[in-house]
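Common to both upcoming complexes is chain A, partnered first by chain B, then by chain C.
Here is the complex of A and B:
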């Protein structure tokens, strides 16, 4: 790379101009994203004081020790992993299915396409209320439907049952986010050359064989990247989980409650955030090397 | 014959799955809309079509009609007259009761709507402006360290909001941005900018690269400045991308609950829609019809915005630069 002072005057002017243009963004991102990430690690070694004038107390690894011996933490950790697994696999399967379906021409496709985006586009707060309504025990229309089908008891409060709340939240998250997957896969599908399929037809391939040997390989990297993106986002997911059910105790919820409700323990919360971040980094780097082969 | 029969089954299955998808996506929306046109007392009547449809929930939320609760508060005013004659101590007590019940019963939907509009709109606009210059810089101008800046922007994808919540809260408390509704809203304004900035820059950068550089060079030879070409060439030519990015950033601010709940919970006057609606939901009983009407009114602006730019939005999303 060329050094700045070795540049010609014209190029120097250009470079300075470039830096000036990007500097507001760089400063904002540095101050409010990069610095907080490091500051968060720093805080995790302190007992954070909320009284002005009283300094934070250095406690070393105590916050981490407290965390790693806390069964609630491990429980949340497990639930988070399950939640990510279910939502990533679920939303990709649904998104793939719907994309294959919508890749065919049919009357009314425009309307159906617009409709499919609704869950993704509508605010979380609105859709959460709608799902809570249909899942109300006794009165909710979906509750009544499910109990008529003999699937569950009409008095069951699906949303607020600590045993299965994270399943309801997972279902909601799939419903909310599959349109994103569908959009990405559909746009890739539409760029696959028809020649492949025609050649396969001549060879007498059936629908499944075409899907297995042409469509899927073409989709490999899109799906691979989608797993990565959805994995990252769902790992940190707060709104969709917390607003739908307080009983779905994933790690972000645990962190939020430690930090901002009851007696705030910001140091412990910072330790949770650090653990989240480190686990995420490790998972991403393994995934990127093994699956995406970058 | 065999072929025909098979294609009939295929067609049937195809439409069956289409119907399934339509039901799957629209099920909760159908009830949300239906219940919003009912009276609170009919909220759980069976069926999708309301038997006694009413617009009163919407009228109350939009301030066109006084709610029953507000009408009752006129009685309270008469009560206030009577209060004058009470002894000092008792008067305090009764006044406090009335005030706390008022606070609980008020549903200042328009105010929350306005707060959300202001916060999401302003932060999306700011993020867009900073993003345009930033994206132009690293997609068009060469300088040492450009790749580093570009990668850094992408790296931000790995940092979720929850990770930032503790340090940002601590930071803003220290610089004193949490001691009033106004300053807390300012803190949120900054947070929404940084939450949308990386996406804005990434999406815009991708789009700018598709604009032929020769157009710009021609303008530069004609004596236009670099800033001039951004204003007169790049911005007009990227209007679809710019509008898409604005709407995307707007939606992020409109949806945001985590930081809003941390910063503005103590200041009801500064509530945004997600915080306000959730507070109401947990403080009142059996207001399903009104909650649903409020949900519809919260969803309609973003859905309308998105549908008008659906074509561009799809292109922008699939170009790879997205964040939630």
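Here is the complex of A and C:
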């Protein structure tokens, strides 16, 4: 790498011009991303005052100590990890299956392909209400159907039962997000050369062998990236969980309650956000190296 | 010529910008038709005074969560319309202009004392001006009660007897509709039951009292009622629809139910068939007694905030909303649900000139409004405000306790113990 001083005048000009071009982006990122992150870390060392005129009080690592010794925090942390695991694995399996089906030719495929995207493109709030409606006790259409099939009692209130909240929210998240996975995998599937399959046919490979040795290796990196993206998104997932059932107590919900309900503890909430951030960064860097082999 | 014109236009624009005042008004009337009425009032107000009102509708369950966010962002409104909990939360943190609110009450001179006492601040001022109020009680199928010779559901004994007698799940008819969800509605219903048994979650000295015998007894009664209630954890809309749909004999509801019962168009928004006899077949038990009588209600106040830069404009807006036909226009948004807090308005013929209020008649309306004087809440005890209660309400401690009691089949003791520990945890920080 050359030092700036050692560059020729023309190259110097070019480099300066380059800096000028990227500077708006750098400034914007600094302002809108780095500043809130740093301010959040700063706040996590204070007892934040809500009363006007009373300054924040520096408390050092008090908020972190309080947090890391709070069993509710660890409970939420475990629930969040489980939520990420279930929803990522679930939506990838469903997305992969649907993509494989939709990769086959059949009449009306275009319409079906478009319809499958519906859960992903529909607004969260409307799908949440739809789920609450179909699962209502006594009158919900899905409740009636499930009870006619003998799977569930018609008087069961699935969504509002705190014992089921986690499962309902996980199912909802899989249903809502599998079309994204499906879309990504399908586009990759379409670009796999047919020659591989023809060659495999000549070698006498069966369907499973073709899937195992051609399709899956070809999909490796796209699935790897999808796991990363969905993992990050679901780790921080708030609105879907909160709107459907506040009883599924994942970390973002716990953070929200600390920050915004009753008499809020914004310092503690900032500490939770910082811990989430650090955990996520560590997980991502391990994952990127080991799985995506960057 | 062009230059002169430009100067004139600029001068007009600048003066318009300098002299146009804007105030922000938070209100909890999120329904579309109600928002239209409020917009109309704001337009009339602007035409009369030149003050623009920026309207921000906020869901009732969410207002407690919006407040801290707005405090941090510096976007608190000039005037807020909200129930007792949010007004108290803001007041206890020093955000309310208690003197100005007191001055407005004094200027009116005819605000019911029973309701203004619920907004009184320790400094002698008021956290808010009582604006409108509702009363909660049991609405019941009076014709069925008469057929079976059952007493009006005003005592624990009568309520349970009627629930048992009229419960008929085989035919899709239940004794009552009881909320069991972790929300404000459950807390409201439980409040009335607990208060009628002399139980309170927190006393004046801040002691947490969930594990007292009176409270455990209240949980026990609630759970017993659950046996005869319509299945489901039940939120407000399901409760209302259930009663209108003739699925239960009793429902805990506020006076907001009055237009749903009486008016065909309103009822048909909820259920398919209109029942023209529902008004005469419905009775209202506006108090409950076990060891002592208690009525429950909510007062919605208008509070001017300390942080407001336009207190004059805010005062004008509050007075505008609570005067003459403007006030009546607002109250008729939800006839029966929104009852006036000024005696002069309650007696005006113009106020009673409404299809819903007419159907119930002047006497019944007066009875409802008179119940406002004896309204009790967990947040108040012997004239003192218990601020900690707003933290418990904001975290839905009672709703969550009851939700778990039914979902996990907890005993009343277990439920009380859970609520005790949860309250201690929340209030220890």
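By definition in this document, the second predicted complex is superposed on the first by the 268 of 294 C-alpha atoms of A that agree within 3 Å, B and C clash if a C-alpha of one lies under 4 Å from a C-alpha of the other, contacts with A are read in each partner's own complex, and residues count from 1 in each chain.
We take it that a contact is a pair of C-beta atoms (placed from the backbone, for glycine too) under 8 Å apart; a residue touches a chain by one contact, two chains touch by 3 or more.
Computed from a predicted structure; not experimentally measured.
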Q) Looking at the combined model built on chain A, do chain B and chain C fit side by side or clash? A) clash
Q.
Going by the contact rule stated at the top, is it chain B or chain C that touches a larger number of residues on chain A?
A. B
Q.
In the overlaid three-chain picture, which partner chain does A:247 touch, first (chain B) or second (chain C), both, or neither?
A. second
Q | Which superposed partner A:160 touches (first chain B, second chain C, both, neither) | A | second
Q.
Just checking: does A:124 make contact with chain B only, chain C only, both, or neither of them? Give me first, second, both or neither.
A. first
Q.
Touch test for A:260: chain B only (first), chain C only (second), both, or neither?
A. both
Q: Please indicate which partner A:137 is in contact with in the superposed arrangement: first for chain B, second for chain C, both, or neither.
A: second
Q | Colliding region between chain C and chain B, picked from 22-30, 76-84 or 202-210 after the shared-chain fit | A | 76-84
Q) Which chain A residues are contacted by chain C in one complex and by chain B in the other? A) 50, 136, 259-260, 266
Q: Could you please specify the touching residues of chain C with respect to chain A in the complex?
A: 64-65, 68-69, 71-72, 93-95, 172, 180-182, 230-235, 238, 306-307, 390-392, 394-395, 400, 403-404, 407-408, 426, 429
Q | chain A residues touching chain B - in the complex, by the definition given at the top | A | 1-4, 11, 14-19, 21-22, 24-26, 28-29, 32-37, 39-40, 43, 48, 50, 97-98, 101, 104, 106, 112, 114-119, 121-127, 129-131, 133-134, 136, 139, 141-142, 144, 175, 179-180, 183-184, 187, 229, 232-233, 235-236, 238-239, 242-243, 252, 255-256, 259-260, 266, 269-270, 273, 276-277, 280-281, 284
(Q) Taking the touch rule as given, give the residues of chain A at its contact with chain C in the complex, in rising order. (A) 50-52, 136-138, 154-157, 160-163, 246-247, 257, 259-266
Q: Using the touch definition up top, name the residues of chain B that touch chain A in the complex.
A: 14, 17-18, 21-22, 24-29, 31-32, 35, 44, 46, 130-131, 133-134, 136-138, 141-146, 149, 152-153, 156-171, 173, 190-191, 193-194, 197-198, 201, 226, 251, 254-258, 261-262, 273-274, 277-278, 281, 288, 291-292, 295-296, 298-299, 302-303, 306-307, 310, 314, 317-318, 322, 324
